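Dropping the structures in below, format is structure tokens.
What follows is a pair of complexes built around chain A, which joins chain B in one and chain C in the other.
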Partner chain A sequence: MATKKIGDVILDVKNISLSFGGVKALTDISFNVKEHEIRAIIGPNGAGKSSMLNCINGVYTPQQGAITFRGKTFSHMDSHQVAVMGIGRTFQNLALFKGMSVIDNLMTGRNLKIKSGLLMQALRLGPAQREEEFHREKVEHIIDFLEIQAFRKTPVGQLPYGLQKRVDLGRALAMEPQVLLLDEPMAGMNVEEKQDMCRFVLDVNEEFGTTIVLIEHDMGVVMDISDRVVVLDYGKKIGDGTPDEVRNNEEVISAYLGTSH
Partner chain B sequence: MAFFLETLFGGLMAGMLYSLVALGFVLIYKASGVFNFAQGAMVLFAALAMARFSEWVPLYLGISNAVAANLIAFVGAAVVMFIVAWTIENLVLRHLVNQEGTTLLMATLGIAYFMEGLGQSLFGSSIYKIDIGMPKDPMMILDRVFDGGIMINQEDLYAAIIAATLVALLSVFFQKTATGRALRAVADDHQAAQSIGIPLNHIWVIVWCVAGVVALVAGMIWGSKLGVQFSLATIALRALPVVILGGLTSVPGAIVGGLIIGVGEKLSEVFLGPYVGGGIEIWFAYVLALGFLLIRPQGLFGEKIIDRV
Partner chain C sequence: MHTTFPQLLLKHASERPAAPAMREKEYGIWQAHSWLALAGLVEQLAAGLHQAGLARGEHMVVIGTNRPRLYATMLAVQSLGAIPIPLYQDAVGAECIFPLNNAEVRFAMVEDQEQVDKLIEIRERCPQISNIYYDDPRGLRKYDEPGLNALDALIEAGKAFASQNPSWFRDEVAKIQPGDVAAMFFTSGTTGNPKGVVHTHASLLDRAMAGASFDKLTHAEEVLAYLPPAWIGQNIFSYSQWLACGYVVNCPESAATVTIDLKEIGPTYYFAPPRVFEGLLTSVMIRMEDAGALKRKLFAACMNVAKRVGPALMDGSAVGALDRLQYAIGDLLIYGPLRNTLGFSRVRVAYTAGEAIGPDLFTFYRSIGINLKQLYGSTETAVFVCLQPDNQARADTVGVPCAGVEIKLADNGEILVKSPGLFQGYYKNPTATAEVLTADGWYHTSDAGFLDAHGHLKIIDRVKDVGRIKGGVNDGAMFAPKYVENKLKFFTYIKEVVAYGDGREKVCVMVNIDFDAVGNWAERRNLSYAGYSDLAQKPEVYALIKECVEKVNADLSLDALLAGSQVSRFLVLHKELDADDGELTRTNKVKRGFIADKYKALVDALYEGKTAQFIELQVKFEDGRSGSVSATLTMDDAKTFSPLKAAA
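Our next item is the complex of A and B:
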């Protein structure tokens, strides 16, 4: 990982505050994400990790602060615009298209890239057909990459949990995002599934050069794979730096890691 | 035998028309996960627009050619249905993204009453007729095989052909196009669909528009058979058993369901009716649907409901 080239700041979060009624979910949070890095957001339950991700993704609109993505600053975005700009995400509680096959789920991820008109698609005219084949090839590549070849025609709802998580990742990958937001990609998995998922996250980062922002509970996982870590507690940022720096941060130790370290 | 076939064909053709109405339900359910109570109101609204436009076009535009006048009226009514779709999306659906299915269901109930009222105040509330020039005379086929042949209602035959064509086009649209895939994705999960960049608002306008055109075709055919009047809004209720039978999520299901109900109604009326004093046609479909709910709640072709416990 030392050889990996980390670029300039691609995503810059500045002074974000978000509250629901009287509950302050996030207070004055600032951090940045550099191109090609794996950036983790950690913190105890209710620390505001998912809220943070949802702000970047446009699901929530923060009351204060701004987010800059590739030089463009915005304080309010909707999810669709965010996707157009090249930010993909996966969900903590799976949000797959359960009735559709694995292939169709992944193909929906290509939706933004499909250019041919409705009529062309319906009539299966040459260009539309070629386009469909081109996207199908891309999707097949992702299926190979995630090692889910055997399930490509299976309705996603019938797959075991660990595989559904992979499909969720695959669908986000199919968008060819520049930044990928992963909301607890390893939640509820057994050790083997976790190892697999770790490998995929690292491979995505290395092979596709995708910048990754991930939320995770499992401390071991986070410290192993991330380049830099943000620590949240009760909606406030209490630490930011490399895994080693965070590990030795007094405040983080007392708030999150306990005293064993 | 000839009589049996005659009943069978009659049932199949009537069934095709049920399918057409059922299709409207399926389209919207597939794309937004909403059971659209306003489907019947949309049929009435579209038929009223079509009927009045075909009166107004010769009157105000001076076009006396019946085919041209009907065509213009159809396009006009289609535009009206587009405006309706756009308005519904902007005023109602847009504000209900990520809400429970029940909330959306109640919203369509409101839309239904509103459209029934608006349609009648815009276009009038008398009985109007649509004459798209479908031949009314019955025709005889297979008269070499059977003595006297089999009588077929030509109007029903044409209507069935139109319905079948529309259904075929829509199946291709849903299963084979990227837009169709996006529609199915939206039906499954709004939030996830948005996160991969499917424009929800856009998709909803498309699907309500398509459902509007389906309602228009249904309204046109039923209207030319029965006259355009308020009771047209209730044919949606006749399509309800069809949807239950075929499955809410399946376009082919709407067709097969419609055919089964159409044939079932006619055959049971003719062959079972005499034993119980007749009148089976009215309730047969509902009883059949009830039976199906007990055995196969997702319908014949519906997606199996898989839930993790």
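Our next item is the complex of A and C:
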């Protein structure tokens, strides 16, 4: 098999520190993400993985450090602006509109791309309708891609958890992100669902060239699909490299398996 | 009909160029392919394959679900005088090795990454495979397997050739004769290697036309193609008859959306094996049980009227005015909306075949106004041997011989068939051919049956499976395993049954519960369970199955011929019988002998009168890995009825 082309650094995180009162969630974290790669952030519970994602997409503001995205450096990210710049994300504890259909949920992901105003849309005026059709087509491609055709009109709340996760991914894809942040995409899934999700993540990366930053607990998954891995423990970076390098890193082994002091 | 499949394509393309030939739902919209566009696509594919070196008389496999480009490829292959072989898309790699090597296949057209992976996996054992074309490029971008190409690339290459040689395609098509081999179908076969059934354009088209004229099919029919194209039934309905009649074949979006697509398309001509009809009915009944009290009462009342009046109305016999009125009200309130929900609003002719259908199931569909009928045929006969006329559909017969067919019964009860639709023989297997196709032109179906008083054919079982009880109270009684199995399978709670009794003193059965139906039944009774195996072994479930077995016994005791086939003991299996584990054929028929060996411990325990038995089994998962499943199964006795008591 041919190897994929990994580009230059697209997202650079430098010396990030984040604390909540006396709790230091992240201490002096630096790592970078290259274009088209799958970058994993791993670590035990409470290591600061989700906090790291939240800093990147502007939910949290770190006290120190800077994030550079496509050459622009920010001391803190604004979550709306992050989305406009092309960073999408999924959530560990699904944040979907449970009462709305799959299509409607995916259409919300197109929100930023819709140009026509509220009044135009409410009155279904020509341009607004044409625009809606255009976005609906985009959404249909995502439905096809994620193989959820059978559930188009099903309210999301009625779907099994594994499929809801897929819809969550679909909504993030709908905004056509350049970088996709996935917060534990396989959490709570059975083996088969995990395999499906792995395939979708790999396909997103391959078909759309989307750069993926993912947090995951399942080591098997991480080691199989990631190009590079960052390891956090108690808010500190203890390892960074290819899955093989990380696997043989003494500090990582002791963080995961414990040490006999 | 003196013609061939590619000629028919050109005929439709010139007579009705803009009419839709196929529709495929993609991106949420039904996309139509006109006959003209399809003919163009076939020409390009044929040109591409010709350039790639596909030779006259050579075989090419197509593997995938029902897609316009799959059928277009079959037509393209036939246009070159080569022979398409559709293979089952859900077969595991190892199962494809024999057909590929047997027919020396170099060319393959497959649907997607899953099928490509399958061929790559077995490529070492089929070294002659040189060209693999895939329809859907998803996930295949990084593959650099030699000989692997996108179908789009083949079409592009063909386009250039076709535009330089505008008359080439028509010349090629004109060379094909009706007597040429048109396609080969591999029968799943319950024993040994599969056999390639060779059919000509003439044999397939003759049967397609016979069926079409029997039911007066026109080019206005709508058909939904959702069963495997490798199965001759699907191939007749969405290929042979499609080209013979020129109607529209609709391809569903995915396997999961078939029920939605069925409702949207509203086919006029429909075909499904009994298990599909059963699945639909089960889903209706489960939803009905969840409905409110008023709806349930209304449903029950209307269904009673339907049961009483519906079949008579379908048969065209006399029905009183009051009954007619009641039925009309029921039709307005329940049957009509129900037909619509099932996607059967426009069905003019619906067929079921392949397995026996339960009388309740059969009557249900006819009673709500769906013209469901049965037919009899096999791969070797190009399907149509017997068909039920519109007004004479019965659950226990398979109809009258259709045009061109002669039927004769051998001394052992075997049904012999002579028809213009008979196959040429099994590919490279004259011994097997000689066993079933005798020199006098009769095909031995290996089904045992008889013609009833109205000239309708009735099937009992496979000839070789009809056995005798040996020893015990029923010594020498006739034992028809499939007959017993089917009677049990007619209960919604039972999905699969294997019956043993030949050469033994009593009949014992192993049962697979229907997970949906029994699961729902259990939930309704607040019966908690962890999964299939756990549910199967619940004492309450045993009681439920026991009730079914005893009802069957009571029924069998009334049958003078088969009273000795009553079931004495049974057990419920902890795993579903599965084609991937070799327990079922690809068409979901139980492989009785194989199962007897694999589950020997259980069968022995049944006959030894044990009440429980431990067993450990190897299973294959869908991703190709294997593991083992073990359990201790309970066995139970069932009450049997003496034939005398029933008669008294």
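General observations
Basically, the second predicted complex is superposed on the first by the 254 of 261 C-alpha atoms of A that agree within 3 Å, B and C clash if a C-alpha of one lies under 4 Å from a C-alpha of the other, contacts with A are read in each partner's own complex, and residues count from 1 in each chain.
The working rule: a residue touches a chain if its C-beta (ideal position, glycine included) is under 8 Å from a C-beta of that chain, and two chains touch if they have at least 3 such contacts.
Not measured: the values here are computed from a predicted model.
Partners chain B and chain C, brought together by superposition on chain A, fit side by side with no clash. Within the superposed three-chain model, A:M100 lies in touch with chain B and out of touch with chain C [touch as defined at top]. When the two complexes are overlaid on their common chain A, residue A:N111 makes contact with chain B while staying clear of chain C.
Annotation for chain A, partner touching more residues between chain B and chain C: B. Contacts of A:V9 after superposition: neither chain B nor chain C is touched.
Judged by the touch definition given at the top, the superposed model places A:E207 against chain C, while chain B stays out of reach. By the document's definition of touching, of the two partners only chain C reaches A:Q195; chain B does not. The superposition-derived angle at chain A (between chain B and chain C) is 90°, Cα centres, a multiple of 10. Once the two complexes are laid over each other on the shared chain, residue contacts for A:R171 go to chain B alone; chain C is not touched. Put simply, the nearest alpha carbons of chain B and chain C end up 14 Å apart when the two models share chain A. Overlap of the chain B and chain C interfaces on chain A comprises no residues.
Across the complex, chain A is touched by residues 25-29, 138-139, 141-144, 253-254, 256-257, 260, 622-623 of chain C. If you check the complex, the residues on chain B that touch chain A are 169, 172-173, 176-179, 181-182, 184-185, 188-189, 191-200, 249, 303, 306, 308.
Of all residues in chain A, those touching chain C in their complex are 1-2, 4, 136-137, 140-141, 143-145, 147, 149-150, 152, 192, 195, 199, 202-203, 206-207. Within the complex formed with chain B, the residues of chain A that make contact are 57, 59, 78-80, 82-84, 88-89, 91, 95-100, 104-105, 107-112, 114, 116, 118, 121-122, 124, 132, 135, 155, 157-158, 161, 171-172, 174-175.
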